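In what comes next, subunit A is part of two complexes: it sits with subunit B in the first one and with subunit C in the second one.
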Partner chain A sequence: MHNNLLYIILPYTAFTVAVVFTIYRYRKDGFSYSSLSSQFLESKELFYGSVAWHFGVIGALTGHAIGFLFPKSVLWFNGVPVRLYILETTGLLFGLLALVGIVSLTVRRATSSRVRAVTSKMDVVVVMLLLIQVSLGVYIAVFYRWGSSWFVTSAVPYLRSLWLLQPDLKMIEPLPLIIKLHIVNFYLLLIVFPFSRLVHMLVVPLQYLWRPYQIVIWNWNRRRAQAHAPQPARQPAGVASSADEHAAEGRPVFTR
Partner chain B sequence: MRIHLTRQPIALSLWLLTVLFSQVARAQTAPLAAAPAGPAVSFEKRCYSCHNIGSGNKKGPDLNGVTDRRTRDWLHEYIETPAAFYRKGDPTAVELFKKFAPEVMPDQALTTEEIDAILNMIQALTRKGEVYVPPGAKLARVMGLTDVYAGWRLFTGRDKLQNGGAACISCHTLASAGRLGGGTLGPDLTTANIKYRNPELISILQNPNFPTMSSVFAAHPLSDEEIVKLFALFDHHRRQNPTAQAGATTYDFKFPLLGAITLIGAVVGMNWIWKNRHRGVREEIVRRSRI
Partner chain C sequence: MDVRLQMAMVFHLDKCIGCHTCSVACKNVWTDRKGAEYMWWNNVETKPGTGYPTAWEDQQKYHGGWEQKNSQPDLRMGRRELRVLNIFHNPHLPKLDDYYEPWTYKYEDLFDSPEGADQPTARPISMITGNYVDIEAGPNWDDDLGGSPVYAANDPNLDSLTEEERAQVFEIDRLVFFYLPRICNHCINPACVAACPSGAIYKRGEDGIVLINQEKCRGWRMCVTACPYKKSYYNWSTGKSEKCILCFPRLETGQAPACFHSCVGRIRYLGGLLYDADRLLDTLHVPDDKLVESQREMILDPRDPQVREGALRNGIDARALEACERSPVYRYVKQWKMALPLHPEFRTLPMLFYVPPLLPVMAKSEDGLYDTANAELFSPIEKARLPMKYMASLFAGGNQELVRYALKKQYAVRMFKRLDTVGDVDAAAIKRGLEQLNMTGAEAEQIFRLTALPLFDERFVIPSSHREQALAMLNEDMWAEKGGAGFGFRAAPVRGA
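And then the complex of A and B:
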């Protein structure tokens, strides 16, 4: 019974919630489709986090999608061991990049007071789910190899059976627990998708790839601003202690 | 009643789920009944991968004398739904699951008559003190010199399996599988012919009734010719190292090491591609913001 709950009821519920609430949120509050960039607050750790994460996760998701859409071609490609090794190593590289990225981003979010100030509860949930998902994925790639082949023979028939509304669990029931957790955690990610910053993947600003650099700087003179500063404006949330200190000294405060 | 997407997402979700689940429920059809077979053949196809009668434990217990140890009702219920029986807390089932972990016996879609016929056969063999010998566990022809290489080509996927099954290397490794070895979802098969005697191994190749394999290979069975070639390969590995310990396997760390090296290369590459990124500008902003 719990198998039906986790591998039939949960996926359909997750998919329905994801689709309906994604459309609902877009129509109701389209401008909230954003990753709420925190780059302005810090950039050093973000580089190793964000770039590694996005390359890694896009590569890993594409790999899963190719396996789902072209199972026979993947098996044909893996017919020569060298090609199988190249595909698996590439997959593992994407997984490791994603892992390095998400760990780095999690550490940054947890340790930087500025980033923590703009972190919502849903951000914490998303980061935790992604951290679990990527860790499980890398573990599976390393210890239950060669996933590119058996994903096609064991997991894809199940996913296709869901798609065809004829769920068939016999392929995934005997799989190791770690692999099942990876599947269930994916459904949980689908459920939180429309309620989180993950929706930004639907509005990727592809034009940025061709756009020239924009250099953003603060164009004010600190000393002159200090001299002419009136009483500080409202305090930014989450940095109250330092803001209080500055306010007491009559310095300008970073406001939003 | 008209549902407005922008106003009632919860109602719309529930409506969609109702439609989905009603379709799913309609699509669930009864499994096709298998053609009736004699108990010896049923046992070979469904049970012999994991159970012997009279020649020792395999992945599951030797069934010699099981009809004397347990009641018929108990056996019927257990064979049909072993995991459910275990979850119910039956002490014997709990003990068996513990002893043979991590193997979990899958539910068997056998009819009551088929189960009874198999149990009668077990009882008869036990009374006579005989050992079960699978009737079909024979190679279709004598192995030839080229079969080991042909088997290796099949194992590694260089030659496709006739009925469309995935190559063994997807889940299994072998001492000769390749530089990075084979898969590790299933066991290392280098010692397969040491762990399993000849008829057992042939029978497994004919009917791989292990939980993970049976679902994958039910629709893509190995051909008789492929069984000869793969058996020749496993037989060759047994001859190469007859004293190898069955089931012994060590994890080869070449693959994760290769992954770690490519990761370092990728991070260095990232730094090189974006070497002109504006470090200085943001450092200045961060510094100023800390006034």
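And then the complex of A and C:
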């Protein structure tokens, strides 16, 4: 019974809460989507904590996602022992990086009075959950070897069965307690996600890589204004604006 | 030609008395809030001095502004791809301590302390942590300390001087300083806009005001680094960046911004400038000491029929054009060439121009008196008290000629009026002087009037913004907006969890 509660009802609830409230919060209070960076108040310790944490956790999450999306390829890849070692070590390194990061971020938050001034109750909850999650993850990586292979044959089928709305617990029931804790704690993180600063991961500014540098917003419609205005005197042939020239030379457009 | 309208500004430094009224007006209206205590969208600093935040002009330290790379400028803060990775930790972000820790006093102690042998005191406490603090810096910490070896000596602009010239500046009985009020320059090539990963910062097409959309800002803090003037600030409480908004709600209703309106020295002028946006990259494609002239080239004559036609095509209406014709900024910047941008070499094309101060420059003459008897009208300027190099490093990308010209013009006007009112100067010398500057008596008179006796609506010529027409152009149906509650926040901008 409690298996059903923890591995079927909890995940569906967590997922629904995460999706519904994330969207609700974005529409109702989009303003609150911010990195809430405290670098301005304390920068030195943040460097080690934040850089290690973010790269570590992005690496670890990517690993999990690959296992979930391409289980067969992962198994095939791990068929050669050297490749398995490489994958395992890489995963462990990312995990350790994330652990070092989150520990140092926690210490920083607890010791710097300025950072404490901008720490909310939810921040404490999130940090605790993340500490638990990453510690469990690293522990599992060290003591339950070859996780990259057994993960895709136990947890992945279970997660996929949830996804297909045909929950099937038989693959995870025999798993050790530690691993089950890692799974349940993940659901708890999903539940707090929309109510915490974690939402900032949804607004990562990748579009910056290809937008023009300068942004101009008109409060009138320039095309319509141009249509109503007197027609321009003819420009002498060959006179183009510098913006045209840059476009023609294939250089990135600077402004619009 | 892509004609655009910019609300541009002139600060006449010779008139600034350093009273900080402007700063306080702005603070009262906009930044008297949690998270914004340390922000001074308008601040007044003493030059020579290190300013606020400390040594902001030193781009080796802060990495702000643009660098010219072949034909295209790029931000000094590193490659674009790396900037996205730097959101985790921005290596060049100024810290709170580069500004100062905002504080208040524990006034309750004055009332609540138990009776004792000593008078109770109100000790300073931090407005961030609430802890007791030792006050070690403030927004105008080196106010009036023009000669101080701790502050003034660290002014980055002094780097351009020789040892001997530096020694001169700090001769104790000849100390000299002036005030430099600063706000956001509402640049034509704003570095803050270019650096924002979220695309939250934009320039308004209709008047060139640069704004941060608070809804879209995600607190990546890149604008704070990119702005070479350090006029974009991170609100540590809301987790969003903020900057001067040129009091646009006031402008839209025809009122001057709060700092302009309250300025005691009446040093501030505001008016429209037309410029050719197509020329942006060409304007920047020149060496530092040519930037001022190149920027002037970009500014268009509102009486030129071709310019007017282009303006109308872009939606700038005839009444706005009429306001541009009366713009005091156009006169100081383009016609009279007396107003110069602050640090043009940062290459943001700032739209706030400064008339360099004549008084401290002149104060070198023996016995503290001005030499008015010399047959060479401009000899006092040639013997300038503050080295021309220093002024050129501030206002002209190192081009001393431009500063000298602006100062000579002020001096000529002064002597021209002295001839009128006191009559103890040599009329022939003044005539020669005016000719040297290509200036007529009528122009001198105009400069005098706009400098010394301008009325309120001569200082601030604000084109009406006609938002009703803008709305009509945006929406097919005006009635849809009837009874609407307007735009903007419906709730207080509070920090998320």
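In this section, the second predicted complex is superposed on the first by the 206 of 256 C-alpha atoms of A that agree within 3 Å, B and C clash if a C-alpha of one lies under 4 Å from a C-alpha of the other, contacts with A are read in each partner's own complex, and residues count from 1 in each chain.
One rule holds in what follows: contacts are C-beta pairs under 8 Å (C-beta built on N, C-alpha and C of every residue); 3 or more make two chains touch, one makes a residue touch a chain.
Given the structure is predicted, the values throughout are model-derived calculations rather than measurements.
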With the two structures laid over each other on chain A, which partner does A:Phe143 touch: subunit B (first), subunit C (second), both, or neither? first
Of the two partner chains, subunit B (first) and subunit C (second), which one does A:Thr16 touch, if any: first, second, both, or neither? first
State whether A:Leu84 touches subunit B only (first), subunit C only (second), both chains, or neither. first
Look at A:Ala117 in the shared chain and tell me whether it touches subunit B only, subunit C only, both, or neither; answer first, second, both or neither. second
Is A:Ser43 touching the first partner subunit B, the second partner subunit C, both, or neither of them? both
Please work out whether A:Ile217 is in contact with subunit B alone, subunit C alone, both, or neither, and reply first, second, both or neither. both
Need the overlap of the two footprints on subunit A, from subunit B and from subunit C, as residue ranges. 40-41, 43, 47, 51, 55, 213, 215-218, 222, 246, 251-252, 254
Which residues of subunit C touch subunit A in the complex? 1-2, 71-72, 80-81, 83-84, 87-91, 93, 95-96, 128-131, 189-190, 193-194, 196-199, 201-206, 214-215, 217-221, 224, 234, 236-240, 277-282, 306, 309-310, 312-315, 467, 469-470, 473-474, 489, 491, 493-497
For the complex, which residues does subunit B have touching subunit A? 5-6, 9, 12-13, 16-17, 20-21, 23-24, 27-28, 104, 106, 156-158, 160, 166-167, 169-171, 177-180, 182-185, 210-212, 215-216, 251, 255-256, 258-260, 262-263, 266-267, 270, 274, 277-279, 281-286, 288-289, 291
Once bound in the complex, which stretches of subunit A touch subunit C? 29-41, 43, 46-47, 50-51, 54-55, 113-114, 116-118, 120, 122-123, 195-197, 199-200, 203-209, 211, 213-222, 224-226, 229-230, 232-233, 241-243, 246, 251-252, 254-255
Using the touch definition from the top, list the residues of subunit A that touch subunit B in their complex. 8-9, 12-13, 16-17, 20-21, 23-24, 27-28, 40-44, 47-48, 51-52, 55, 75, 78-82, 84-85, 88-89, 92-93, 95-97, 100, 141-146, 149-150, 152-154, 164-167, 170-171, 173-176, 213, 215-218, 222, 246, 251-252, 254
